[in-house]
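Letters A, B and C name the chains as they come in the text, with residue numbers starting at 1 for each one.
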Amino acid sequence: MSDTPMIDQLETGPWPSFIKDIKRMAAKNAMCKDLLGLLEMSYKDKKTHWKHGGIVGVRGYGGGIIGRYSDSPEKFPNVSHFHTVRVNQPSAWFYNTGALRYLCDLWEKHGSGLTNLHGSTGDFIMLGTTTDHLEDIFTDLSEHGWDLGGSGSDVRTPSCCNGMARCEFACYDTMNLCYDLTNEYQDELHRPAFPYKFKFKMSGCPNDCVASIARSDCSIIGTWRDDIQQDNAAITEYAKGGKVDIANDVVAKCPTGCMSWDGSKLSIDNKNCNRCMHCINVMPKALRPGKDKGAMILLGAKAPIVQGALLSSVLVPFIKMEPPYEEFKDLIRRIWEFWDEHGENRERIGEMIVRIGKGNFVEEVGLEPTPAMIKEPRSNPYIFYEEYFDEE
Amino acid sequence: MASLEEIKDYLFHKVESYAGKKQVKVPHLTQEVIEHFGEAACSKKDVKEALKELIDEEKLVYGYFGGTTIELPHVEGSANA
Amino acid sequence: MAAPKRKTDIGPPHYEQMLHPMVKKNYGKWKYHEKVKPGVLMHVSETGDKLYTIRAASSRLVSIEKIRDYCNLADKYCDGYLRFTSRNNVEFMTDKEANIQPIIDELAKMGQPVGGTGNSISNIVHTQGWVHCHSSATDASGVVKATMDELIDYFTSMTLPAHLRIAVACCLNMCGAVHCSDIAILGIHRTPPTIDNDKLANMCEIPSTVASCPKAAIRPKVVAGKKTVEVVEDLCMYCGNCYTVCPAMPIANPLNDGISIWVGGKVSNSRTAPMFSKLAIPYLPNNPPRWPEVTSAVKNIVETYAKDAKKYERVGEWIGRIGWQKFFEKTGLEFTKYHIDDYTLASSTYNSSTHVKF
């Protein structure tokens, strides 16, 4: 009879089994053996057996380590302490096998041998070690050119889509910007000093493969200002083979009605296109983003706690995104200064903007209000006029 | 101008005074230190530098409890010590 | 005494050393791509170069042994390079078309199905759950494994009307930010934390515990001569932050914790703007190890959508066209008072029109 009859049932079936993987590791690592026991207990009791460790870390850094203790140290002593190490991943999660093998060897020596590829924010997650290993792990990592990621009230590890490395839609170099910002903001990443966390995510086009508009305080999404690049021969090819029903699958699905198809020619009224990407997604060989490329900056997405979930909303409709990205960094500096001054404890930037009003925020960070920032103007008459006339 | 040592001393004693009473965050601490010395004598950057040294010397540590805190080193309640 | 110096603030390794030579050569020069078959992409460069990508399922929780298997495969066929996707899939890239089938075959031997491209259900992004999180209301990895075992045919094919993205978060802190998914599986606590009055003062600082509550629902109290706290139950929104600060206030409640299901969110801007997921099922029981109530509820929504949606319609766009009345009718899901919003700006979700279907 197995000690873990419930979780054993997750070893079968076509989807890769994390239980099989933990068992494989348990053959040579006592932590994994106890983790299986603790997890089986959770499956039986229908509750977690973990506690949060708040002051675990490496010297000098406030981010990168998440403390975990189990509530059953006597039953499962090997996972009594089971901390997480967040290692800052390379841009867009590309690896060479030498780099991955190094991380594996390090983690075999110092931890459970279990990882998350990758954590929700993007880091290479090493799952489960004890406090006495942390300094050694960090020293070894830094000697080999790696660093820890963020946690707490800091710049969280930025992440990005694969951009120009393997996508024709990329409107700016997401991987370069991600690397550049991560290095520019090392101090802000490792030494938490903000009212709360701040996440950057970078997507190369409005398809937003890293969900930046839902998951980051600052979403940087690629876009273009000129006309969609159109290859009429390729359009004909799509139409001829019956591969794409251009009238129904492309034109009828265009949200702005800016396209027409007369059976042989596709016309796009580019001035009315809202860059939704649908037609480009359907016919990537025939249509491509324009040549005047850059990015849109949106601010404020977050999960529900405390004031409810938010999506990011437009702050800068278009900005050129080329190294050294000075105009962008200057904007970020102004935004942080304002947040630092006015943000309340544990208030994300999106919540602060709602609290003080987006119009006020826009003015405070030195931007001009534009209709691109809103879905619609206010419908209530409660305007706080800042200027009015006095009788002379 | 307040010296780095003066700022460090005051910062440390502030955190000490909060120990067991309040989990104090960096923006709050920074504000208090600047108010104490006055803006002319102590900038945000000075407080940042002082805090970095205190942390590097392990006289203070970072904590994370749904937001980052500054604490005296101690064994926490959840540690299976 | 000053501590010894060691290297800090160096950031991650530069991405250039992580790129396959073919990727490096064609960086920024890609012209178009085709989906060769489920799980296989072909990117064509302006230089005429072709790069093939094989995308395989991976559990987010992987051991170093499995990572070494991936490395062996990448060394054999991909010149020693590989990557992971934003949905935790693993990708093998090669410039040789002849390598595609051997890579797929070896992945099959390793137990990693190939798919997740185009109009499929890709890997489920998820959180830690009972494997490693202190505030989880359910497991995450187990729910994902059970759900994807049921939906595997949608991963290995591209037959749905559009992409379908599923996410799991094990409590409403949502480390997985599931709030914009076609289908979101969300662990929920439904009761305030329990308080261990005997141990609280020993384990926790009372002022910090009081301050930890974002709704100011925790107050100091004395019980049988011992200092402790109480929770104003009407204010509690079950975030578990008090348990984060104070281990004597566990939020987990095996009798009441469970799972809720949300539908119709998206992040892409394609056709329609990004949208939040909305409540479909307020509560399903935690039933490990395979959560049959959850997997059958998800499967029902997927199948109803697959049958009824028009080509290119995401779940939210489909519901937008047919309306919520029809969504509940077609899926057979029960509509309750919990579906009617009562939080800030709830009135914007009321139907202020005569647009009703009979």
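Quick notes on this structure:
Throughout what follows, a contact is a pair of C-beta atoms (placed from the backbone, for glycine too) under 8 Å apart; a residue touches a chain by one contact, two chains touch by 3 or more.
As the structure is a prediction and not an experimental result, all values here were calculated from the model.
Note on interfaces A-B and B-C: more C-beta pairs are in contact across A-B. The central chain here, found by comparing per-chain C-alpha centres with the mean of all protein C-alpha atoms, is A. Note on chain placement: the centre of chain A and the centre of chain C lie 13 Å apart, centres being C-alpha means. With each centre defined as the average position of its C-alpha atoms, the distance from chain A to chain B rounds to 30 Å. One finds 37 Å separating the Cα centroids of chain B and chain C. Across the assembly, chain C contributes 3, 214, 241, 244-245, 247 as residues in contact with two or more other chains.
Counting only residues that touch two or more partner chains, chain A has 51-52, 54, 59-61, 346. Across the assembly, chain B contributes residues 56, 58, 65-66, 78 that each touch 2 or more other chains. For chain C in complex with chain B, the touching residues are 2-3, 202-205, 207-208, 211-212, 214, 241, 244-248. Contacts from chain A toward chain B in the complex involve residues 51-55, 57, 59-63, 66-67, 69-70, 73, 80-81, 151-154, 191-196, 340, 343, 345-346. Looking at the complex, you find that chain B touches chain C at residues 20-23, 56-58, 65-66, 77-78. Within the complex formed with chain C, the residues of chain A that make contact are 6-7, 9-10, 13-22, 24-25, 32, 35, 39, 42-43, 45-52, 54, 59-61, 68, 71, 82, 84, 88-101, 103-104, 107-108, 113-118, 120, 127-128, 138-139, 142-143, 145-147, 159, 161-162, 164-168, 170, 173, 175, 179, 182-183, 186-187, 190, 206-215, 249, 253, 255, 275-278, 281-282, 284-285, 288, 301, 303-309, 311, 346.
On the chain B side of its complex with chain A, the touching residues are 25-28, 30, 48, 51-52, 55-56, 58, 61-69, 71, 73-74, 76, 78-80.
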